[in-house]
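Below you'll find the structures, each written out as structure tokens.
Here come two complexes built around subunit A, the first alongside subunit B, the second alongside subunit C.
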Partner chain A sequence: MGAIITLSLLGILVLYLGLYKAKSLLLPVTMLGLVVALGFEISAWNKGVSPIYNGMVLFDNFALAFSILCIVITGLILFLSKEYFRAISNNVAEYYCLILFSLTGALMVCSYHNLAMLFIGIEVMSVALYILVGIRKTDFASNEAALKYFLMGAFSTGFLLFGITLLYGATGTFDITGIKNYLIDNPTALSPLFYGGILLLLVGLLFKVGAAPFHFWTPDVYDGAPILITSYMSTVVKVASFAGFIKLFSYVFSPLQDFWTPILLLIIVITLFVGNITALMQSSFKRMLAYSSISHAGYMLFAIISLGANANSSILTYGFAYSLASVAAFAGLILVKRSHGSDQFVAFDGLGKTNPLLALVITVSMLSLAGIPLTAGFIGKFMLFRSAMADYHIILLALAVVNAAIGVYYYLRVVVHMYFYPSITGEDTVAVPTSFNVVLILTLLLTVLIGIYPNCVISLL
Partner chain B sequence: MGIFYFVAFLSIFFALMTIFTKNPVHSVLYLVITFFTFTIHYILLNAQFLAVVNFIVYMGAIMVLFLFVLMLLNLNKDTEPMKSTVVKVMGAIAGMCLLATFLGAFRVLEGQNEFVTGNTDVGLVKNLGKVLFDEFLLPFELSSILLLTAMVGAILLAKKETKEG
Partner chain C sequence: MVDIIQNIQGIPLNHYLIFCSVIFAIGVIGVLIRRNVIIIMMSIELMLNSVNLLLAAFSAYYGDASGQVFVFFVMALAAAEVAVGLAIVIMVYRNTKSVDIESLSKLRW
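Let's look at the complex of A and B:
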């Protein structure tokens, strides 16, 4: 709870700093606040045994691990923001404030123990993002993305809320332990409202994680939003939504697995194929990452259909690997776009010669996204595939392997562009500021560390 | 029961009028009346709070916003842009599917669900306040962040960019 309070107050403090024109203080204060929040989360480790505040929130190790992941990734992204926001507009303080509020929402989604908290968490997280997507007021694509995200998001929230209402109608409680007890007490005579509630909740959550067939907003929104916000959306928001998703399905709805597993299986297959095949067609790096994030949502859904002892730790590992690689890739994209003014694959031509370090980091992140051994992405994919194997979803696994192979092709395309094509702009090097260097090297080290010694993350849960 | 059937008849009548009028402004006005009949339903169900919120927020704020948008965009003409038969047939099929789903749902619904019929006083403002400030205090407090976010965002998006230096 300390972290949620810290972040809410930090958001207000940042707004005041903006009011008094203390712009140079913004980033240090924000980072300090994130460190304090991180400290609160770490000090609560192993202590949350029962839900607090009338059963509203539960800070068990599951919630804390995902909260720590969200805070760390937000810290990395904010570290990149120093020059980025200033180029867009003058109201930098408000952007920091909105990102912090959105992070607060993500923390609520990670630690809810009552559906009312889940709803408020998702709303706080999304409303801040609707605005952040549209902060480039003069850019047509940004406006379109914001409007699209807002309309679709509002619609999906309606589904989520209706689902929660139907569950209440069937069980008479918003508490997830209460709903679970209802399921255990009435194994055969469930109210028909309950099934409707599960389906509507599923639609709402699948929208938030961007799985097909509810993915139509993803490419345009990720493409139109400023790159830094895109990296925030595709990492922190996605990981937090998955934490909420898996908590609901593994803890509450697991007795009804026979009902929702076939639906999820179908959705996973559609998501994997839609994400990968459309990613194959893209010529823009940013759009390719948007489609690849759809396919990663498909892989992460594996953990939900094969609920076991490892489900939580495998989704945490995958989320960690995916977030690190995405942050590195988006950081590289920001630098390349800043110097070449384009986010197409051709902009990366010759980067291997002019900027060996940057090219190396992008290569490792691409390998991690593709799931090549010795990177974190391999461990994540391995754990998810193994749990699916244990449940004998063999056809699903075969399809997933085909998709992973397709993924390797388009991830390596950017690597080929970096190392095997001559630079179009001659020998111009891409300027890399110190803050970017720190983030790039940090993500590189963490990706390789998890790839070589995965137990450091797996043993957490 | 007589009042209920009368108000229910009015609701359906005005809802149909909303769809069948050609003029968008008239359509919105009929929708306002439909919402007003809903408010009466809520009062009949002993849900004061819901009635007041419906009256102020939906009927007042949102519908007036609708009217303003219609007038600002100058849509108050008798035009129906989508008149193709395919759209009409598809709309009819989709509507019938929804109706069939609802009928099926009502058939299996148990009328004596205690959570639905249960405590008839729960909609009173006093009881709602007791629940909100006791059991649901944390979500209630945290929703202040939501309101603050929306406020910051609205100002941020509406404010004119001033480039200094």
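Let's look at the complex of A and C:
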């Protein structure tokens, strides 16, 4: 709980710093606050056994591990923000404050124990993001993305709420343990409201994680938003939504597995194919990453259908791998876009010669996203596929492997552009500020570390 | 208060369920077929308010206050959402001079 309180107070403090024009203090104070929140999370490790605050939140190791992941990734993204925000707006404090509020919502989604908290967490997380997506007020693409995200987000909230209401109507409680007990007590005579509730909740959550056929907003929003906000949305928000998703389905609805597994199987197959095949046709790196994030949502849904003992640790590993690689890729994109003014693949031509380090980090992150051995992405995919194998979802696995192969093709396209094409703009290098260098090297090291020694993450859960 | 609850319970629960589902469906259809952003937002409000009504009805039937407390959360967050949403609509209107979502088709794959 300490972390959630720290972050909400920190958001207000940052707003006041902005009010009193203390711009140089913003980043240090925010980072310090994140470190304090991280300290609270780590000190609560192994202590949360029962829900607190009248059963509203539960800080078990599952919630803490995902909260730590969210805080670390936010820290990395904010570290990149120093020059980035200053270049696009005068009101820098609002960025930090909104990102912190959104992070607070993400932590609530990771640690809820009552459907009311799930709803509030998702809303706090999204409402701050609606503003962040449209924060470039005069940029047309940013406007359009904000409006689309807002309309789709509010629409999906309606489904989520109706689902929660039907569950309440069937069980008479919002507490997730209460709902689980109802399921166990009435294995045969379930109220029909309950099935409707699960379906509507599923629709709402699939909207939020951006899985097909509810994905159509994702590419437009990811493309139109400022790059740093896109990287926040596709990492922290997605991982937190999945933490909420897996908690609900693996803990509460697991006795009804026969009912929702076939639906989810179909959704996974559609998501994988839609994400990967449309990603193949993109010529813009940013849009390719948006579509690839749809296909990654499909892979992460694997963990939910195969609820083994290690489903939680495999989704955590995958979340780590995916977030680190995405942050590195988006950081590279920011630098390239800043110097070449374009986010197309051709902007990356010749980067291998002019900026060897940047090209290396982007290459490793692409390999990690594609799931090549010795990177974190391989371990994540391996664990997810193994648990699907243990459940005998052989056809699904075959389709997923085909999709992983398609993924290798489009991820390596940018690598080919970096190393095998001559630079279009001559030999001038892309300027890399120190803060970017630190983040790039950190993500590179962590990706390789998890790839070589995966137990450091797997053993957490 | 007891009076109100008895009045609510005087109508069968199924009627509330059907009524709220119909309002919810009208909201969903409104979002899907209307092109004016303001009307889409009104349809979303319709969806949220049908949820509120159903929550209150369930809450009265179970004699459990948590459903009514949830209604307050829904109202507060719906208000926050509309505040942000209208700000976004005004921002878009300043740039495009239109509240029609057809005017927003710059981002395409």
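In the analysis below, the second predicted complex is superposed on the first by the 461 of 461 C-alpha atoms of A that agree within 3 Å, B and C clash if a C-alpha of one lies under 4 Å from a C-alpha of the other, contacts with A are read in each partner's own complex, and residues count from 1 in each chain.
In this text, a contact is a pair of C-beta atoms (placed from the backbone, for glycine too) under 8 Å apart; a residue touches a chain by one contact, two chains touch by 3 or more.
All figures in this text were calculated on a predicted structure; none of them were measured in a lab.
Between subunit B and subunit C, whom does A:151 touch in the aligned arrangement: first, second, both, or neither?
In the superposed model, A:151 contacts subunit C only, not subunit B.
In the overlaid three-chain picture, which partner chain does A:53 touch, first (subunit B) or second (subunit C), both, or neither?
Touch status of A:53: first partner only.
Let me test your reading of the model: by the given contact rule, A:91 touches which partner, first (subunit B), second (subunit C), both or neither?
A:91 contacts subunit B only, not subunit C.
Quick check for you: in the superposed arrangement, does A:282 touch first (subunit B), second (subunit C), both or neither?
second
One more residue to check, A:140. First (subunit B), second (subunit C), both or neither?
Touch partner of A:140: subunit C, not subunit B.
Just subunit B (first), just subunit C (second), both, or neither: which does A:172 touch?
both
Tell me the contact category for A:116 with respect to subunit B and subunit C: first, second, both or neither.
Both partners, subunit B and subunit C.
Should A:192 be classified as contacting the first partner (subunit B), the second (subunit C), both, or neither?
The answer is first: A:192 touches subunit B but not subunit C.
Of the two partner chains, subunit B (first) and subunit C (second), which one does A:127 touch, if any: first, second, both, or neither?
both
Kindly list the residues of subunit A that each of subunit B and subunit C touches, one partner per complex.
Residues 116, 120, 123, 127, 130-131, 134, 137, 168-169, 172, 193 of subunit A touch both subunit B and subunit C.
Quick check on the complex: what are the subunit C residues that touch subunit A?
It comes out as residues 17, 24, 27-28, 31, 37, 40-41, 44, 47-48, 50-51, 54-55, 58, 62, 64, 66-67, 69-70, 73-74, 77, 80-81, 84-85, 87-89, 91-92, 95-96, 101, 104, 106-109.
Given the complex with subunit B, which residues does subunit A contribute to the contact?
On the subunit A side, the touching residues are 4, 8, 11-12, 15, 53-54, 56-57, 89-91, 94, 97-98, 101-102, 104-105, 108, 114, 116-117, 120, 123-124, 127-128, 130-131, 134-135, 137, 168-172, 191-193, 196.
With touch defined as at the start, can you tell me which subunit A residues reach subunit C in the complex?
Contacts found on subunit A: 116, 119-120, 123, 127, 130-131, 134, 137-138, 140-141, 143-148, 150-151, 154-155, 157-158, 161-162, 164-165, 168-169, 172-174, 193, 219-220, 223-224, 278, 281-282, 287.
Can you check the complex and tell me which residues of subunit B touch subunit A?
Answer in residue numbers: 105, 108-110, 113-116, 134-139, 142-143, 145-146, 148-150, 152-153, 156-157, 159, 161-164.
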